[in-house]
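Read through the structures below before going on.
One chain, subunit A, appears in both complexes that follow, with subunit B as partner in the first and subunit C in the second.
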Partner chain A sequence: MAEFFTVTQSLTNSMFRKVFSKVIGISRRSPTSVIGFVIIFIFGFLALLAPLLMPYDPVSSDPNKILNGPSLEHWFGTDGNGMDVFSRVIYGSRYGFGIAIPTVIVSLFLGVPLGLYAGYKGGNIDEAIMRVVDAFRVFPSIILALAVVAATGPSLLNVVLVIGVLDAPIFVRVVRAEVLALRSSSFIESGIIVGNPTWRILFVHLLPNAIQGATAQTAVRAAWAVRISATLAFLGIGIQPPTPEWGAMIRQGAEFMINGQWWVGIFPGVALIFMVLGFNMFGDGLQDLLDPKRRSGAK
Partner chain B sequence: MTEPLLRAKMLTKHFVTPRTAQTVKAVNGVSFDMFAGKTVGMVGESGSGKSTVGRMVVRLLKPTQGSVAFRGQDISLLPDRAVRRLRVDLQMVFQDPWSALNPRMRVKRIIQEPLLLHSKLSSSERSDRAEEIARSVHLNTDLLTRFPGELSGGQLQRVCIARAIATNPALIVLDEPTSSLDLSVRAGILDLLQELRENTGAAMLFISHDLGTVRLVSDHILVLYLGHIIESGPMNKVFDEPAHPYTQTLLSAHLPADPHADLHRHLLDGEIPSPIDMPPGCPFSTRCPLVREDCRTALPPMVDIDDGAQRAACIRIPEGTNQVNC
Partner chain C sequence: MTLRTMLLRRLVISVPLLIGILFFTFMLVRLGGQDPVGLLAGPTATAEEIDIVRAELGLDKPLFTQFWIYLGNIVQGDIGKSWISNRSVLLDILERIPITLELLFWGVALGSVIGVPVGLRAAFRHDKWFDQISRGISLLGFSIPTYFLGLVLLFVFFFLLGWSPPGMGRVSLLISPPPTITGSYLIDGLLAGDWSVARSALAQLILPVIAVAIISAAPIVKHTRAIALEVMSSDFVRFARASGLPPKKVSRIVLRNSSTPVATFIGTEITGLIGSVSLIEYVFAWGGAGQYGLNAIIRGDFSAVQGYVLFLAIFSLVVFILVDLLVLVLEPRAAAE
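Moving on to the complex of A and B:
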């Protein structure tokens, strides 16, 4: 029994050491990604434990406490409806993740198969897919998003779908580029010779070898999704107040800013900046780590 | 005479270069037969169209003209879906084992894949069969749980061969299976191919530029030059009495095992001409030591030598003046 313990102990010890040394290695190679990860981790913590951390209900208004400045009772003050800004900022992190994660998933589900197919088939099919992708990219995405969300209605689902579709072209391009590099290697020919149908060539043989670039992009695209969804809300087209979404809160706050009631808009603004920054920094590190084309500089 | 397993008839493949839109005449009217249990060795310099012929035989490429009849059925016109079912019987081993295996798949899954696609075996039966196949190619079964990146070149090529024979195919194309391997490893793979040839009864098309290895494994030889078969015949006859001047010079360039042997070498000048800019008449006329005026006018037909088992395309053969003086 004692022997068993020492064996498992040394096993877990060596595993811990391995993981630990890897973490150290990553943080030494790109300290920004660690900072980014910590920021995202903190926001994730806030979002998960929001009900425990919020001192007040984020959408219940108190008519006696409209536009009170920051105090011990209300750390970030109260807004024009008498709602607690601190609680609303914390709850807003749920919307940040709730938009960023599903949006990136929508983009991946659309972009990755298209990129695989375009790169593998080549020729006219590739041309057709890539021209559509280019057409999406030449449009300023914020204008397109505004138009589509305005036409389909400002629900959370619509915002996620629209941003997800608009961002899919990035993944199409990244995946297609990797497939083009792989297409000439003979393991794809081997896949055909063995008798794989096209879907298996794409998803069993190409996908695991062509996904790194797309994975590396996910965090950066999440940052973009958070930013553009907040922009839509700020312009009054996305998620509507009094939903505690940061973009919508900033819009509300903008009205009071000129009267000197800065706290309504500044606190959600700072939260938004930190989340976008966190995703971006984390994404940068992820790219350094996963994207072989960027790996050359860092050893 | 028995029916051939596969009959290639006037196979032709022309590629068009993407930017300059020139036509590359890779293969020009190649015909040959393959029989069960027999190995055909196809030799030629790089650029002679060997690999293109191999790829057309297993329908990785569609021929521009001509046909490939497998068991009497023309597979060159079949849709991809129908060809996929024929993969049970048509397999290929590639030149470079380092890139021929999916780097993200474990060896066992690689060997099992053809069984997964073509048989109704359960996963445990497939697993047993994979081990059995691994043993038959002398691959240590401990390696089955590894990824291709962890194996050596010789081991990787054994995995490729294991995958190719997993479904007991009737025909295997081996595209230079040994030329990227070290000499010591090469011998082991050649031994294995010999063994398979005796045990499986599959027809094999062995493509190589190395005469020594072709000689070891082949029953029948095809000599390719600029996409034309210029000589074909039983292995011994072609090696002992090569008829075409090109075959003669090719054989004289091959080093014998004995370093003290008298070398009667006749080295060719220049390179194989570009398949974009084919010489008129005999394709070999630009380098042939016996060239004369009428070689450059028309493509020489294949003529029978002796009983017709051996054939070559040279206009000097009927006159008996086809021997290059070494």
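Moving on to the complex of A and C:
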């Protein structure tokens, strides 16, 4: 029994050491990605454990405590409704993830197959798909998202779908570029000659080889999704106050800020910056790690 | 010759694109949930009254007929009437364009003046501490929401320090605006020789311009660095180094060859920045085309939204053509092709 224990222990030890040395290796190669990952991890922790960590109910108002400054009792103060800003900021991380993750999934599911198909088929189909993709590029995405959400109605589902669809062209472009480089390679040609159906070529043969660029993009796109959904809420389109969403909270805080009650708007804004920064740093680092050309830099 | 073919090609490509964009926004605002007829007719309107309003606005016809009429009107220079301001959208937007362009121009100019040298220095000091720090700061710039930056600037420089006037409009409320010549209060004030107006306009400009500059500088730093790094790893630079040219000469070669892609990038970035500028306008109550467009979207003003989108599309088109022209000037090679 004791022997068994030491064996498993040394096994886990060596596994642990392996993982540890890998982590050290990555953090040396790309410290930004590790910092970004830690930030996202902390927010993930806050979002998951929000009910345990919040000292107050984020949407219950106390009429005796309107616009109180930060204190020991209310770390981030209270807002214009007498709600605890600290609890609201913590709860807001749920909206950040709740929008970022499904949005990126929507754009991946739309963009990747289209990019695979466009790159593989070429010709008129490719031309048509790429024209539409280019049309999206001409346009400031914030304005497009605003217009579409304003027109289709401000539900959370709409916000996710709209941002996801608007972001899909980026994945189309990245995947297509990689497929173009792979299309005439011998493993694809032999796959076709052997008689694989198109879907099999696309998803079994091309996808694993062409997905790297898209993977590196996901974190950056998540950052964008968090940012733009908060922008929608700030403008009063999308999620409405008193929902504890950061953009909506900044909107509420804007009017108080000029009078000196800065805590209502500043704390959710800083949280928003950190979450977006976390995703951006992680994405930036991922691109470095996954793209050997970028990694080597000038040398 | 090359110039003319280039312009022609641009136009031929962009006409279907423009019609596509117009069709998209047209359908969008109509298929969306908001019905302006109900808003216009008022809550007490009877069914017949609503029908009359609907017919007056031409909204009772089939959608494609409406779109066809709309296209015809655009060709004649009529892009509809705003239901909020009750004025021609074209006039509304035209008088606001210089206001937006003024902010955009100074913002991007300041952003480039900061961003390009920083990006170049980061590339020359690749992986040294300057590179790391500038990369971190530019990532931060990517992550700050535009409107929040505007609010924080106002809080710090207006409320805390009192250095800046309140973010309400383009000139102090106590000063009457100068006679309109260019549409920019700063320039108009200077032209009219009215120093108090020019000073007030400048004071109002500073914070929003800084906000736009910060937002625009982050991507400029990132791309300038990437472009310069790519040029530095090219064969001709390696050859120049191998030939024993002094480092100063080599960096001049790098600068010269980076200038075109950097200029192209800044040009294309401008079209995307309109969104950020609109938000800055919203925060500072700037009253330009961007704020007008945002308000139209928020309040469901069909014609104004379409007019704004049309303005954005034409604006991007003009910017792309200008960028192409710039490339022809900077890069004689492109003209030869």
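One rule holds for everything that comes next: the second predicted complex is superposed on the first by the 279 of 299 C-alpha atoms of A that agree within 3 Å, B and C clash if a C-alpha of one lies under 4 Å from a C-alpha of the other, contacts with A are read in each partner's own complex, and residues count from 1 in each chain.
What we mean here is this: a contact is a pair of C-beta atoms (placed from the backbone, for glycine too) under 8 Å apart; a residue touches a chain by one contact, two chains touch by 3 or more.
Nothing here was measured: the structure is a model prediction, and the numbers come from that model.
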item: Room on subunit A for both subunit B and subunit C (clash or fit); value: fit
item: Partner chain(s) touched by A:114 [first = subunit B, second = subunit C, both, neither]; value: neither
item: Partner chain in contact with A:269 - subunit B first, subunit C second, else both or neither; value: second
item: Contacts of A:85 with subunit B and subunit C, given as first, second, both or neither; value: neither
item: Chain touching more of subunit A, residue-wise (subunit B, subunit C); value: C
item: Touched partner set for A:143, first subunit B, second subunit C, both or neither; value: second
item: Subunit B versus subunit C as contact partner of A:209, first or second or both or neither; value: first
item: Partner chain(s) touched by A:191 [first = subunit B, second = subunit C, both, neither]; value: first
item: Partner chain(s) touched by A:47 [first = subunit B, second = subunit C, both, neither]; value: neither
item: Shortest span in Å between Cα atoms of subunit B and of subunit C, once chain A is used as the common reference; value: 13
item: Subunit A residues touching subunit C - in the complex, by the definition given at the top; value: 32, 131, 134-135, 138-143, 146-148, 150-153, 223, 227, 230-231, 234-237, 247, 250, 253-254, 257-260, 262, 265-266, 269, 272-273, 276-277, 280-281, 284, 297-299
item: Subunit B partner contacts - residues on subunit A that touch it in the complex; value: 185-187, 189-197, 200, 204-205, 208-209
item: Residues of subunit C that touch subunit A when the two form their complex; value: 17, 20-21, 25, 28-29, 31-34, 123, 126-127, 135-136, 139-140, 142-148, 151-152, 154-155, 158-159, 166, 229, 232-233, 271-276, 278-279, 282-283, 293-294, 297-298, 300, 305, 308-309, 312-313, 316
item: In the complex with subunit A, residue positions of subunit B that touch it; value: 58, 60, 84-85, 87-88, 90-92, 94-96, 99-105, 113-114, 117-118, 160, 163-164
